[in-house]
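These notes open a run of structures that come right after.
Here come two complexes built around subunit A, the first alongside subunit B, the second alongside subunit C.
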Partner chain A sequence: MNTDQIGYLLRASTSGAVAGCRVSELELPQLGCMLRIPQAHGYQVYGILYDMHIDDDGLVRQLVTADSISPEVIADNRLHRTVPVEISMIFAGYQQGEHIFHLLPPRPPLTLEDVYLCTPVEMCAFTASGHFGYFRHILRGTDFPAAEILASHLRQAALAQLRQDNPGWANAATQEVITLLRDDYPTLMNVLAALSDAQLMSEE
Partner chain B sequence: MPVNYQQIRKAIKDAGLAMPQRERELLARRDQLFQLFGQFAGQPTLLRERANQALAANPDLRLALPPDQALDSRISEDLNQPAVTMWAADGSQIIPDAHLAVQFGVINVGLIRLAAQEPPRQQIESKLLYANELYSAQGHLLGEESIALRRDSSERTALLKAAQGETSPVLTLTDGPLELFREMGNSMEYKQQVTEYLSILSQMAEKRIATAGYVDKPRSDLVIRLLELQNIPAQDLGKSDRLRSLVGIPDTELFASFLEPCERSVVFELKSPSAQYFGGDLAIHFFYLNVGRTAKAHIVRVEIPAWMAGSESTLATIQHALLAQCRQMGSKAYPYILHRAHETAVVSYDERNQLLNLLQVELLNQGLSAGETSQKQQAKNLPGKTRFGQ
Partner chain C sequence: MTDQESPYIGYVVGGGLKNNLNVRLTVPASQVREGSFVVVESGDDQFYGLVTNLQLGATDPRFADEQSENRFPAHLASLLHGQTLYTNLEVMPALMLDRGPDPASPDYETWRAAHPEDKSHAMPVKTVPAHHAQTRNAHAGDVAEIFGNPLKKGNFIVGSTREHGHPICINLDKFVQRSSGIFGATGTGKSFLTRIILSGLIHHDRTSLLIFDMHNEYGFDDQATDTNQKVPGLKSKFGSKVTLIGLGAGSKVRGLSPDSNLQLAESQITPEDVLMLAGELNLRETSATTLDALVHSFGRESWFHEFKLLKNGALIEDEKGKKIPAPDSVAYWANQNGVNAFAAEGLHSKLGRLFNLSYISQKPPNNALQEIILTLEKGKHVVLSFGDHETDLDYLLVTNTLTRQIRAAWEKKTNDFRGKNAQEPRPLVIVVEEAHKLLNREMASQTTFSTIAREMRKYYVTLLIIDQRPSQIYDEVMSQLGTRISGWLGDDADISAVLSGLASRESLRGMLSRLQPAEEVLLLGWGVPMPIPIRSRRYDQQFWEELLGDASAGNQTKSIDTIMGELGY
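Let's look at the complex of A and B:
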């Protein structure tokens, strides 16, 4: 597996997808990070991670009752037992050739496509393209904590932009959030509180 | 209605009525057993002589031969044992089914390796049985017993292959007895499989690869049978297998009465018709081990070959390694590595169907018939009847 590859696609729809990865690959992705799923002919789909799901099973439930679990047993469970971590993402846009669109992809990727973590440069390229159109995909979400995901994403993107000499990105992103939520005061307050906790402005 | 509940209910009621009487009988037998044990536990030489007399009169007896130690000896766990590399194997199989479109069998062996400070490893060895391999020398389609015998042999072969590359001390483990205990009598095939199995065990002994069979919830009464002999007159020892006075009490009840958690019994030699194949360094020995908790004993039987039984340090290593494995499983003590080997090996019903499909596709690719499921099986595969309200 490529170093930036975090897993393979399990299932997808027009608005999002779920990828499976081994527990040992779980160190790379984090909530709100950007993922990409390359396709043929210069087409690739971008997503934002909003959930990581780790299932238990009968053996794990029994093992936790032991006084102490040996490192070999923990390693065996993480390396070999077929309990994939499920990583859920919403689609944020796609790339066709040189152009990046903050629209839902024209067709969802297929099962077992490689799923990669975006590098800071790739993240900057996507987030600086257009005018934050992909925020609406996040804010539309109802089955995940949108404010928290957005705050986490903005924190990571702002840091990447800062390192790419684009310190104004975080402020412009926050202004865009305020504009998008100007008619939805409760959600706006929720998002701003999360952004405050994310200490987004201190990165500038 | 799948079961005639009226009939079964009556049978359950009848069995229930007989239960108190049976319990009283078992109680009386237990009293008798503990009396015998109290009287003879400290006299292993006497017990051994008696057992040898009985075996001379009837070599097919199945019982335990005691060592020169008191039977009520308790050996504690030595926590200062060095860590060993452990390999465990477990097998699973697909038994050829004459009703399927294509007859085939599979022997699947799952292997797990655990060693301190090393990444765990797992392997799967799968063998397809097809065409001529599906039939015995007499031309019969291989049955459950035959496949099980081959599976047992494959487990041990896989362990030898895996463990001989190890440079540090290694313990190989399988679930179930070391003895090949199959209801195949003295058939040619049984003898052939036993010969191969013994060859593997011999190679393990030569390379000093420790090996053990772990029997969880053993029902055997090998030590009980040994004690029973004391109640039988010398002239009747030849028919002692028919003069049973302590039937229904397994050895585990006896050892649970005095083995504390983590303690093991002394090592006995196993005498049985099939154990006769295992001689010299490979003669099967066993001990009982309490892997349970205080006031909740759980006695298991551990079978080992003779070359290991004579070494106190090897016994201490096995005892500690097994207990350490059991402790990993929390409240339900069972070696973690064995469970993982089972989990790795097990072949599901869906997998059987997938393999069948692969075989059928291959036959079609070769321009051959893909076979046909028997009409009986096709009828069985029909959707079940829908009950009212469902």
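Let's look at the complex of A and C:
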């Protein structure tokens, strides 16, 4: 498996997908990070991670009732568990050749497609393309804490952009968020509170 | 930053011709002030307008209610405020100018064919700019386009725009075509502004001025009441161009001798002059009949003198010892001429105030009224100082008598010019201070001034009225004023009076009450292309240097402090 690959696709729709991965690969992805699912002919789908779901299995249910669990057992259970960690993503756009679109992908990727974590360069290329059109996919979400996801995503993207010598990105992104949400006072306040907690500006 | 780099300050977001334009401000509100002259660029058209209001707004009232700067980091709060809190300008569009397409564009030739004149002229606003049309502060070129090039003859700088100091001119030739008014509460700089405009008119030399100087402040040098600085008079600066006349024989003006004195001859007082004083003298309705009988009995030139000589209440005894009116009494004359004796005696008694005036004599040494008219006809300017004669009766009688004769003279000259190809009359401006005394609702009908304001424009005579209570001036006169220049006014009625007859007066009302006293004035009316508040020009050494040149300005006696300062001490 490639070092940036975090797992395989479990299921997908036109607006999002769920990937399965092993616990050992959980150190790389974090809430709000960008994922990509390469397809054939230069087409790849981009997503933003909004949930990581760790389900129990039969053995875990038995183990948690034990008086004590040895470290070896814990490590073995995590390494060899039969139920994968589920990573949920919303689709934020896709790439066709050299063009990046902040639109929902024309067709969802198929199961067992490789799912990769975007590198900072890839993240910068996607987030700097267009005019933050992919924000609307995040803000539209009702199944997840959009404010938290957005704040986490902006923090990571701003850091990446800063390292790519684009310090103005965070400002522009924040302004766009405010523009999109200025008619929705409660949501905007939530997002700004999250951005404030994310210390987005102090990264600049 | 040069003028040409004026940044845009906002963009049009709404409004209309009736309700003014709304412009969303994109710069801090502190950079724009009420009364700012702004330009809206919309396609080929350029709209010129005045900021009449600044209104704070928010996309949601909760953004304004909550002090989010206490909740979020400063940078984040700043971004939030930038997007959700805003200031809207209310812009009163006044004029528009069709600039035409870019000369390099293919449409230019077509437009040029339809507009063969070399210069397009601003015209009253007939439409509105498009949404999001960019708005900017007017630069010097815009100001000159609308208010005239200061370097062009006839354009006289009266002040400058408040924000950027671009010179604002009035066209003196246009200014004198209709009556004008200078208003402002006491201490707002009316007299200084009047001096400035009078100096401009005298220097321009296309008009004669007759100044009724009630407080003796325009002729010789005066002293400013607030700063105690010397204030040059018109006579001091313009010398022989200005004739200073004092009222009454041997009268002095500020301790100095005027060029001549005005003494009225008894023969110059007509029944019409007396009837114009009906209010002041509290005359009865029978007075006109009595005056008619006096003229019939003694003649038009002698009635005043003869009536004055008659004795009021003089009686003699007849053969039977019965008391009857003496032959030299008013009652005797009345009985002989079929006039009610009591009415005649009442009139005589009331005219006693005129009989006792020191400046009316039977045979004055010269015909001063005629000399004043000749002086004005020659193109000189007359300052008539009232000296110690400060009563309303003095002011009414002298101004009325003089103005009535001037009116007759100029009407004749104009008729000769139109009918007999005689020389065109020289325009005359009659400057009236404390105008409410002559032009209030009660007096206006008694004086010639209301007639001048209404009708004399055709006969080359107009008024320049100066007053602190415009609400006291007769509406009919106010409505005739072409150019109005007003300093700060606090009284609602005064503000309404100054703005009467003007469109957009509601927009200008607040502006007038917020002018800075002694510093700013509002120009408005027919004589200026659009209303505008300005920082008025200073009546100082620099003014004279700019108007007359260094040499003439230097005529002023310098104080020791000034000389020492110039020498570096």
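Assume the second predicted complex is superposed on the first by the 203 of 204 C-alpha atoms of A that agree within 3 Å, B and C clash if a C-alpha of one lies under 4 Å from a C-alpha of the other, contacts with A are read in each partner's own complex, and residues count from 1 in each chain.
Keep in mind that, in the parts below, a residue touches a chain if its C-beta (ideal position, glycine included) is under 8 Å from a C-beta of that chain, and two chains touch if they have at least 3 such contacts.
Being a predicted model, the structure only gives us computed values, none of them experimental.
When both complexes are overlaid on chain A, the residue A:I178 reaches subunit C alone and has no touch with subunit B.
Legend: residue contacts after superposition of the two complexes on their common chain; A:T14 is shown touching neither subunit B nor subunit C.
With both structures placed on the common chain, the touch criterion links A:S196 to subunit C but leaves subunit B unconnected. Residue contacts after overlaying the shared chain place A:I69 against subunit B, while subunit C stays out of touching range. Residues of subunit A touching subunit B in their complex: 59, 62-73, 75-76, 79-81. Contact residues on subunit A toward subunit C in their complex (touch as defined above): 171, 174-175, 178-179, 182-183, 185, 188, 192-193, 195-196, 200-202. The touching residues of subunit C, when paired with subunit A in their complex, are 59-60, 62-63, 68, 71-73, 75-76, 79-80, 82-84. The part of subunit B that touches subunit A in the complex is made up of residues 112, 114-120, 122, 324, 327-332, 336, 339-340, 343-344.
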